[in-house]
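Each of the two complexes below includes chain A, the first together with chain B, the second together with chain C.
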Partner chain A sequence: MRESIEQLLDRLIHASAVERVAVSIAALLASILVGAVLVFVSGGFASCRTGLDIVGWTFCYNPMQVYYELFLGALGHPLEPGFHPLNFNLATTLQQTTLLVFTGLSVAVAFRAGLFNIGTQGQLVVGGLATAVTVLYAAAIVPGGFVGTIVLIPIGVLAGAIAGGLYGAIPGALKAYGGANEVITTIMLNFVAVGLTSTLLSWQFQDPNSANPQTAPVPEYAEIPNIPFIGFGGRMNFSMLALGFAIVLMIVIAWLLARTSFGYELRISGVQPLAAAYGGVDDKRMTVTSMTLSGALGGIGGAFWVLMVHGRWLENVPALGFDGIAVSILAGNNPLGVGAAAFLFGVLQSGSRSISTGTAVPPELVGILSGLIILFVAMPEFFRMIGMRYGIGQKKAVRADGGARVATDEESPNGGNRTSVDDGDQPAADDGNQTVAADGDQTAADNGGEGDD
Partner chain B sequence: MEIKQQPTTAVRAMIDRLSRRMIITGAGALAVVWIVAGFLFPDSWAGVLLGIAASPSTHTATLRLAVPIALAAIGGIFAEKSGVINIGIEGLLIVSAFSAIIVTFWLGSGESTLALSHHWWGLFAGVVASTLFALLFAVVCIEFKADQIIAGLAVWLIALGLAPFVSRIVFDSPNTGNVGTFDNVTIPLLSELPFVGYLLFDTPPQVYLMLGSAAAGWYLLTQTSFGRWVIASGENPKALDTAGVDVRKVRYTAVLLSGVFAGLGGAGFALGQLGTFAGGGETDIQGRGFIAIATYLFANYHPLGALGGSFLFAGLDALQIRLQAAGYAVPTELIRTIPYVTVIVVLVFVGRTTLPDAAGENYESGED
Partner chain C sequence: MTETRTGADETDPSGRPSTNSDLAVHLDGITKRFPGVIANDDVDLAVERGTVHALLGENGAGKTTLMNVLYGLYEPNEGRVVVDGTERSFESPRDAIETGIGMIHQHFMLVDTMTVAENIALGNEPRKWFGLAVDRDRIDQKIHDLCDRYGFDVDPQATVSDLSVGAQQRVEILKALYRGADILILDEPTAVLTPQEVEGLYDVLEELTAQGKTIIFITHKLGEATHAADEITVLRDGKSVGTVDPNQTSQDELAEYMVGREVLLEAEADAREAGETVLSAADLTVEDARDVEVVSGIDLEVHAGEIFGIAGVDGNGQAELIESITGLMTPDEGTISFGGKDVTEWSRRERIAAGMAYIPEDRHERGLVMSFDLVENGVLGSQRSPEFSRSGRINWDGVRDHTESVIDTYDVRPPDADADAESLSGGNQQKFIVGREFERDPDLVVATHPTRGVDIGSTEFIHDRLLDLRREGVAILLVSSKLDEVRSLSDRLAVIYEGQFMDVTDPDDLTEEELGLLMAGERPEERPVSESTTGTDSSMDATGSDAAFGPETGDTGGESE
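== the complex of A and B ==
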């Protein structure tokens, strides 16, 4: 698995920045296209009063209308009369963007260190609860008003970061000292986080005045304030200050990775663990440290979800951590790219609400779209092949892969040759087969032996 | 880490064997302590747990809950042994379980076509859906050289979105309607056998499918030349290529097989155990595909070992379900995490050694 990560990072680094952006945009367009087909076809199975009739079959959904609602609805329908820039939909988009910057950064930092942190979701859940509980207890001793705001919010965010960081350190330590694959452990820890926080909630922190599984609300002055007059209204659960903080954090992480020796060591252990170890980087400690940092970023995401959106922790946590994976992958795991990708996914999240009010198409479409985007970004080769076939971006493709690509192309006539050689070899291959078979037997016997133990 | 200690394969295998032996010995010792304590103090926690663990209904439930885990694990073994890590197996379980339910519903449950009950057609549809998804995954990984982990995650996330999406179109809700479950298949005489009769010979069909698939998977992987090709394709694809076997074809077949097995698991679980499918959140599959991955790592890629490992996780699941149902004053949510925590513990003990040499790598036969 390590090799596969190395390989991928290698590929990502060798690809030029321009090509990475091109692949991300192409992946986005391809996903939208596949999504449109899916929406249209599934409309054939839905029931509706009016739709598009094709040879006696009614197609209920219009993909254009769906994407209109998805993309323009998320911005508050700028093309329609009565548009106001500070509208609720745009606030929701930016609110989601803010939260996704944190989770996207969380995944990206781990990824750059050569680790797949699928556990951002769990780290966010744990961090969020820690924030809510800490602020609730601290509010009892801290004075209210402005003082409360400037004391409680940093404490709450810090509590989220620490809890999320510790929760992220667990899979890091298990990986470094136990060799446990972090993909599986982080996914398992997501389930554990849900169980753990629900248990803590019902044991101690449940809001006695509510039947819903949630903590008591934090005092209003502990919620992240808005900028008066120029910001969005208070009921929109979005603060420009929070977005500003997210952007600053994004720049800090980018600086940390690109300009500090810690960032250099982190990246080098992601790309070339051998070289890193040779250069004196403590591999195990770096694994734990980068997972802790990653978890802390996820925990900060949870803190802002609590302090900006709901003012309390709810058991029903949205899948911000999973979307963070998509954000990071779309951004090529580049901290600055995370900002743009987070905005796109913010649009998708907010747009999914417009879809469910404006059309009959299920809002889960957005989940499928994020999956498709990840799938397409994972296969840049696909777009290169298309580019080659139609002659667009050929130069780019050659530059991206260096000489290797050119060589493969030149070899392609030989490739035909090779097939015929293979065919000719077929009878002779029997010998070889036996060698492999003997090899295989060995392995099989080994396996059997271990199974018997 | 790699610099400081580069253990040879033999040493690695030994460490691996030791840690596996350690965990089995440890678990055995715990079990003995538990059983003794349970007998001595029947009113204690140990006694109550022992009562639940010893009851026939727990055993029946274990066998049924093992179906998705065991079958997904057997499928995962083929894919990973061939060099393609199929982390999307969870997605395959979701897709097959969901399509099985929806096709059964669409055809009309309780009726039959061509003398075959619609539940069986649903099962078939589930397997087809899962295999198609596996084909997509194979094309993406083998043809377009995608990163296997990321592509696997994508398959999982697409399935997570697709199930509630389609369900909402058909049922107006992320959860499907109920189509009922398979009836038990009772084999006369054999089902009268003491101890094993009710377990193995009076049980819904998916359990037979699981047992048969484990045997078939074992035979295919260890006794046929295809099995040897699969193993060679994961350990040393170049050698296999030199021997004149098309590595791509072997990998395609192995990944498609993982789709078939996972499809049987997901569809069998949905139609034999659930009867309905909840598509919200983590869906009804609840990470069983990931548990399956841990199971085959634990079993060191042995299909029969994976069957045994799935009983461990399914048994824990059955235990926690019975504990909840029995209404003891235990925090339900915490009990529910027991299987997941166990997966982590198992991975810490056996996770270090197992991957085939070329797993996760693309293989290009043109290069030398």
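== the complex of A and C ==
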């Protein structure tokens, strides 16, 4: 039992890029299959005038229609007459994609450095407020119009990056110099961020013309969608320019990790901290630096949320930072994969709205459907990460206690997962053999090293 | 349980190969292979009932693997496991536990926040009220009985985190006894204990064997093995060197068994010319994570064009000494200077940049990033050097060329720069690290066990390269547990024992017997003690230590040629 789970984890860890994409697609299809059954069955318990009658039961929902709305609705129904490529649905999809690229990159950079930054949300909240306030104050001294646009937007984004970066540096420094677990501190700092921004707002930055807790709106020429550019109009709260920037940033981060000394050191710190120390990496400084970079990316997300979506900062920031964790895991913490993962999330968000307007399916059920998709697609990557973090050698040590009963209980959830993963893995079985052989080597090496210490 | 038997055994000291039923454990021809490594090669082990049997060997000799075979963690590729005269085949530790085998790991498997009683009974709680509740009284009673019987002083209601390490170890032993163990395997039990606690452990072992229990004691420390064990089996490189009676052997003989004397071709070097001092350490004192002093006031000097060897049984402070020289640890006291500058406060990166190459002891954790390919590993440590990076960017084409030349020169197989480090065999990983470090154009090479796990041909090549570097005027600090290696390569040889240099001398002045004695912490009588040790007198000033350890130009160098 345990052997087969370990083997499965090994194969996941050593799966090639093509295999991983195949696994993801298979997982997506499997989730649709499960979701379709769920939608169909729930339809049997809803009441409606017209539905599918089977031996006296009436099934109200058509799963085909639901998934049609989810995926094609998110793009603005491209197969229907009267389709316009620059429609509102697609704008919403791409707007969410853009924002999630930033937060996904934020989480991914930290992950690659071996740090679990759950604080992207807080860094986004703080960065967003910094952007709004900076732009509002700078607007007073910068001329308006086109000049205002090209000055204020970069300043605003920069302010968001700096504020988010500093806010990310705090848990980094706490970990490096105080040994505080970054998972705990970043979670706590998320709450602090909400309280801090709310206090600052009521103290100084509240919009006097509004009863809602929000800042004054930034000038129209400082809103990104108002930049004259091909594509979506200003009312759609999205700009291709922003998406372009997100894609460029994605490439820059990927380049940084793969090609630079800093990225190289960051990656070693993430996979093998002892080797990093041997190679001359200062682990404390690396922890602070990578958390700062991660926070800065979250802060940029906040800046774009302010300058592109609302034109002002307001309380109750959506959970973009938390979704960033899922995006990053889905992307296997690969900066370039973040784009695809963010797009899937954008589709799910926008498609959900489309289902609500186009069908009678309740929003709760739609939530379950997107949840299923994320769960299914993310699980293989998630188990890859688990497998890598707890190498097989360590597993053996736990088992050495002979407390086999406890261990078996822990196994069962993994066992349950197997079915979902197997679907995707089967076609790639041949390639898998080779990789399994390679891991055997690693296990042996581990054992040898661990030996008699 | 079989108390009558112990008396019989004591009167029959030579009864080891007698009838099988006297043996609590008999491992017969155990071979355990991992891909690329033979961890145990046809190992025999016979343990008499009611005795303490030490399993002695260096790190990586295969001691733990052998015990994991006995404990059901590994299935042997060949050989038989016989427990109490019955051949067994364990699927898991649970089978081994049911057969009466208990293992006490070096790192305790206790739940810190639970009480002693809860920990001991965990997984085996007696029930009452038709299985609805844990019968705590019965647990307490049973623990009480066990404590009485074996003379343990443990409070069952104490929380584990409040106990000293020694007491926690007794809880581990109690846990095994509670589960009905007759044979106890202790994996490096003294590693975490203070000297007083070690004494306490010896008493416990004595009491246990007096009551008929059998103990297998894994250790790499000679003194412990001779002190505590009735018999000692020495393992080396996965093979059993032999079983000896500690009363009929000496510590230096055991030391030789442990480290072995591999037949090496004479790589002996031409006469050396004394160069400038490249590395020097003064009064270096290092404490480990447990605040135990593991390096105690060591002075050393390594000169350009010289190989300074450090011999000793593993675990006598070599690792900490080396790590503080290379910048991975901060010494608690003392200074290190390199190339005439005080580098005590320098970071590891600054030391690399200044020309310090380092072959680490642990290639899997330190020397290589296992999941990276060889190209990426080829730049480890040089990722900021001007040779391979410009304004923060790594020149990967240059790195690839360099890596391929290392692979080519050092015969790394498979010769594929895109192979992941973890896919290489241990010997090839080592060759790659050696190549990378030697080609760094260093002023100082710190080489720890440079040929461990490497085949004879490559060993010879690495030795030749070391001598080439020496000829080019590189200072070399060589730590090896292979006696012949340090003896034949070193210009001067220090013997380390419990964090101190026993002696620093020309290796040709020492016979193997003398070396063995020094490694076991005993000074040969004919050698004047005061002059040859690293006493405090020599650390008074730099010139003093130079006089004591500098190359003695008029010594017996000529004789050796």
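To be clear about the criterion, the second predicted complex is superposed on the first by the 298 of 453 C-alpha atoms of A that agree within 3 Å, B and C clash if a C-alpha of one lies under 4 Å from a C-alpha of the other, contacts with A are read in each partner's own complex, and residues count from 1 in each chain.
FYI, a contact is a pair of C-beta atoms (placed from the backbone, for glycine too) under 8 Å apart; a residue touches a chain by one contact, two chains touch by 3 or more.
Please read all numbers here as calculations on a predicted model, not as lab measurements.
Of the two partner chains placed by the overlay, only chain B lies in contact with A:F322; chain C stays clear of it. After overlaying the two complexes on the shared chain, residue contacts for A:A159 are found with neither chain B nor chain C. In the superposed model, A:V281 makes contact with chain C only, not with chain B.
Using the contact criterion defined above for the overlaid structures, shared-chain residue A:M236 touches neither chain B nor chain C, since it reaches no partner.
Between chain B and chain C, B touches the greater number of residues of chain A. Once the two complexes are laid over each other on the shared chain, residue contacts for A:Y264 go to chain C alone; chain B is not touched. Of the two partner chains placed by superposition, only chain C is touched by A:Q272; chain B is not. Counting contacts by the rule stated earlier, residues 274, 277-278, 437, 440-441, 443-444, 446-448, 450-451, 453 of chain A appear in both its interface with chain B and its interface with chain C. Interface residues of chain A facing chain C in the complex, by the touch rule stated above, are 259-262, 264-265, 267-268, 271-272, 274-275, 277-282, 396-397, 399-406, 437-438, 440-453.
For chain C in complex with chain A, the residues that touch the partner chain are 34-37, 39, 57-65, 68, 71, 73, 92-94, 96-97, 103, 105-107, 109, 122-123, 188, 218, 220, 328, 347-349, 351-353, 358, 360, 362-372, 376, 379-381, 383-384, 389, 392-394, 396, 420, 422-423, 425-426, 429.
Listing the residues of chain B that touch chain A in their complex gives 1-4, 13, 16-17, 20-21, 85, 87, 140, 144-151, 153-162, 164-166, 168-170, 174, 221-222, 225, 227-229, 231-232, 235-236, 239-240, 242-245, 279, 282, 286-287, 290, 293-294, 297, 299-302, 304-305, 331, 333-334, 336-337, 340-341, 343-344, 347-349, 351-353, 355, 359-362, 365-366. Chain contact summary for the complex, chain A toward chain B: residues 1, 3-5, 7-8, 42, 45-46, 116, 118, 174, 178-181, 183-185, 187-189, 191-192, 194-196, 198-199, 202-203, 273-274, 277-278, 283-284, 322, 325-326, 329, 362, 364-372, 374-375, 377-379, 381-382, 385, 408, 411, 415, 418, 422, 425-426, 428-430, 432-433, 435-437, 439-441, 443-444, 446-448, 450-451, 453.
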